[in-house]
């Protein structure tokens, strides 16, 4: 749909730039007024979607801060704040061109294309180029609207590790991650999939369904972010006091439950822009199906998680309820346009259980410390969402996806196993290649920092013990409240 | 307008499902492209409205939590969080069909209707059926968009009693209420009014104006929720320490005023989706009038309440300012499309006084404990809003409402008393039938629970005294802050 | 663009009121259905924009409260809450007519104009009239939508001084400011610029570029508000303990950093409505360019501020990061539609440095106490934004702005100095006339209050020392948290 | 002069204050404390991991009294603070050498 | 050795700290307390219902000093904390049997 | 009977509690305090203006013990709380005239 969506949009906005810039000309090349109005409406929907997704940054900030301790709160909320700009700048300068440069050609639909493949060709493109710093080539309002939507998705990825690495991450090291994610890490997988790169072409190159299909990013955004969150958690290590000598995990309760709940609500709110606006068109009324499926999965995820954690530990842990809703939302993100409401409910239920069990697994088996459950919510449920496309898609939507000669995306329930293959391949790539890249980045950064006598990416035990707020930020989150 | 709106939408989206599902066919049955685009735009507006209303859940959560005590904060915020999913699931499975099943027939406008009356017929329909779990009948994007909007309204009702019963409600009992409200309680009155049931037909059956008219739900949502809030408050009883032996009410200040204020702002924000998108059509520019009337009533409600409480008790109590704005918003919800701006201002002013006086009345005369003023804000101002339709409607809007042969809704100011009659009837039904159903539910649940030796729907005095957070949720809202 | 935008809108919505009010007539005067649909879409975009801007009030409330001390938190958040209604009511009654009365004539495009100039004529109009309390003349949905958007902008101005005067402003005095700002202060400059008054005509009267150009209000809203913030800070004086005897400023850390950060995110979110919807038309796809430029400036502002404050004081002060993003957003508000993305980045960078340096200047040189940096963020960066239009505008947009015979707004980079002249004139008027009006207001109010034995606009030292919450509001923001 | 220090249950504070007033005591200083004792705490789980809240919130009162009212004060507190349930708290009395009222500089009994 | 305990107004803390420094005192322990006394509190209304804040926020200081500096310390606090308005607070002195500095195990005067 | 008061570093609390338990002490009262002493604080800048946090968060423990366990308790605390770094805190011991357990009215050793 990405490609199709983009072709539509592009058709939809052909000459829009012109419309805006030289009205008369626009009238000259008389496009059908209804088509043009539809294109304008579609661009508006994309921009509104982008606004909603950008607001999700506030949700992440609140969830992560609320689930951390008061003595680190200013640091945690600040990483979530700064990541927006850090990732943005790197994506603006190089990330966007690398991921979509080539794409924008067709998107703009004018004589002067913005970019083309940078690495690879045909079915095997790995990176694109063009439109560096949105300053080269022809920059139209439509391209800018598309950029805004895409930069918001990238920032979601960038902010995921701030959760799994919270309370012990040096500010300086964090800053480098933000730039790396926006400039290179996210663009890689984005180029291979939504950008129209090799994974989007596996339908042709390997005759796997319609190629990798991920409507709004369970994989491209969440699993990719979750892989980085896992890599970061491994490299940086557990917080002091998280595990007993014998490795039993200790609970470190979050300091502000209402804050985390508000953050979850904000994420639910923004998620509608994340998923529903991924039709790239209001003229494609499937956006309504997408929005409703999104809500269904979130609702079932939250309630099933509530029941599951009550069964597992006796009480309806608010943190797990929140994680359950987020797990459901993450899982439905890839399949939301291709499945029936009943399937959205099933996907939400599975995610609700999955998120809890994986939190237990990460903590008890892997002995990893993920303060907010980022690995489980984004990594695990995101992976499940990508797979779900290959299982629950009912064939009613997605004709011509990725340019494949298909009538609609079909999953196992329709007896088609090819799509599942494409999805599995994507998942494997995320957990090998992308995880590897992230791991190498954090390991390397840590090694270099140590080599330079800077002590690595992790803050000193003393700073961590008294709290990162004063040592790192110079202010305490709550200087006036007396704390235990 | 509901009906008209729906017919429009339906016209508006006739075959939209088709468009999405079988593009070619769509082209085949060549609908006028401008009409189709308008229908797509209308569906987008409905979905955007739904997103805004869903976000209101965060507003309720913050207002209720901020006005409660810190030791119950995790419990209060969690009830407001879980209610979204609980009500949603029940409404998805049975509530929506019961309330709108029959309606969706016309909404979809295809040969295969989704549903029809379940109980009653003609002017006397009491329940509908069809589209159970959104899995039976023809499910189109338009229907799903409509469902999303409606489920959001239901959740508002479900969350109102969490305010009046806060700080003493057992989690288990609360969960049952959430399911009951989404599955049965809300659908009842919704079916009778917006669903096109008997109250919507009183123009024909009893020749009362255009039948029960409630543009966005002062009655269907707020008064109905307020009736449940009253019933719940009566059954569960006052918080320990709320009243002296001699019955004098004691103040129990909320623990977080900024949180409550933020919640109020979020509600104001979401309210625009609640009211303005209730045109179900962007092609009906009355949405602009509605949005502005909504803001006017909220602004006047807040300021008049500020002045009134200052007059009554000497200082501009922030809680009453917030209640005043909410009271104004609740009151304008029914009449927002039918009245002139000056009337919206008058309605807001009246609500601002009404909400304060009714808080005093509930506490001092009825000796009831409503921690956040839910009964006054939703019940009293909602009732006033329904009545206001019969008084201030100026006849400029609402032609064909409820299918009635009217040029526009006219209130007493236009010399017409019939509409007021229809409104009063609706109000009477809410405070007798709906209140009765809610009261019976809570009483029965309490009795059963006691019979089963579970001690009723109210938490134990010990749990209430130390705070529900640990006993019920297993975590404290603010484990690190030292509290008085 | 304002004028053009309005003419469009008006064209866009000509007879819309009618459409809504007398459908048949509408059909009668058969406007081209595509045009009508476009007009309806445009009105929807304006209303959605208004909703987003109104939500910004929550952002201001949180930023200002978070950066103040806990003992004043209920007071600070309440001023930010009440200002919405206070300004609204005054603007509704007289402010809107004074600022736009004359304008609405063309906006409505019906035989019965709402208003005309009240003071002045031709190129020298100073105030308008008509549509008092939205009750005189013909009030259409389009006019109401326009009013809603404009009232939201006014409220932004009204709330800016609540930041610079926080923690020491008597409630009663504050209330008068709210009414004054909505009724007179804001309407003045609005009438002269967006209203089509004398500053919008300097292209004709003084042949300065296209006259004063301010796309979304760096000047009309932010600098004008900043001027009032400065005047207020001077008149009310510094908080007790802000300066040593020797005048060295003392730090008074905010009490809730996450709250301030959330507020900043909410402002970023709302800003898209503030800027992008200022096209007044979704059919003018420049809204996408505007949205993206807005995000770019905010991102660069935040990161550059982070780097700059680290350089200046060693650590990435969260408060300065937040101010940096806001500074970037304020600065891009005027030029957002006229500049290229690279210019938006440059503007954001400059604002990021400017906001920090001006905070230092205000505190160290002017010895003024501005708890939240309102003067720097809104006053200084707003002024820079107005100037930036005259420097970075690339001529690609703004044909016919203010009715001027121009192909597009051109700044110094295009070799045109006339526009810069118009901008500088506007800036001079703000910092002389508007600042003067605000200063006179606060001084006068203070003098009168003292004359009446009320002790002036500033709270007593005792109230300020114990905190304004109890003495002024009767409640503490956090009655249960133990505070240092 | 004596200093009576009492650890009581938070929800007994109002009763104790009244009791002290009737006993003629006008001044008291109160602080929030965490109590570890027989009453013990409780075990909860967060994200599936168990954790123990091993303290109980308590209130500590400090009352300076002159020697011959000590017993009355102690009795007043005991009677008011007692619920009979474990965790009611403790009272201890120490001797004070000197008391001063800052405002007036008064010393001894006049300073109380 | 003596323990000087002082209840003062929160906003006098800085002055008192400085006074103690000049009196040669390097160590102090401070805590937030609620004071009930002559100064009384205030009555407010919330949602129309009256409620009384019957305490006043105060600061309690604990200073361990050796016997011959007690008076100097008490005087220093009295002078610094005095505003002359009701509610200035109290100071009381108790005898200490033993003092230990945890870090070094030093006892007595050296431990202070 | 004696009252042992100890000022320790917050992060030593758990160790000290365990040490007291092994020393047979079942009851302790704990409060958050701010400590001023040699350890000093730190200087930060906020919006470009410098400010000094001149205190260090500490925990104060109060333990009532009978005379012959005082030394054991003091030693237990010293050993458990010591990190060797400046700021480890102080312990002081005062004599108690009387102890009462509110619940039972028991006095003296039985009340502990």
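By letter and in written order, the chains are A, B, C, D, E and F; residue numbering begins at 1 in each of them.
Note that in this section a contact is a pair of C-beta atoms (placed from the backbone, for glycine too) under 8 Å apart; a residue touches a chain by one contact, two chains touch by 3 or more.
Predicted, not measured: the structure shown is a model, and the values here were computed from it.
The chains that touch both chain B and chain D are A, E.
Two chain pairs, B-E and A-F, are compared here, and B-E has more C-beta pairs in contact (counted per touch definition above). Chain centres here are Cα averages; for chain A and chain D they lie 54 Å apart.
Between the CA-based centres of chain A and chain B the separation comes to 33 Å, rounded to the whole angstrom.
Chain E and chain F have centres, each the mean of its CA atoms, that are 18 Å apart. Each of residues 34, 37, 41, 48, 253, 256, 313-315, 317, 319, 474-475, 478, 481-484 in chain A touches at least two other chains.
Contact of a single residue of chain D with at least two other chains is seen at positions 31-32, 34, 44-46, 94-95. Every pair of chains that touch is listed here: A-B, A-C, A-D, A-F, B-C, B-D, B-E, C-E, C-F, D-E, D-F, E-F. Interface residues of chain E facing chain F in the complex, by the touch rule stated above, are 1, 3, 17, 26-31, 62, 64, 94-103, 105, 111-112. On the side of chain D, the complex with chain A involves touching residues 34, 44-51.
Of all residues in chain B, those touching chain D in their complex are 465, 470, 474-475, 482-484. Note for the complex: chain D touches chain F at residues 2, 5-8, 31-38, 54-55, 58, 60, 74, 77-78, 81-95.
Residues 249-253, 309, 312-315, 317, 319-320, 356, 359-360, 363, 373, 484 of chain C touch chain F in their complex.
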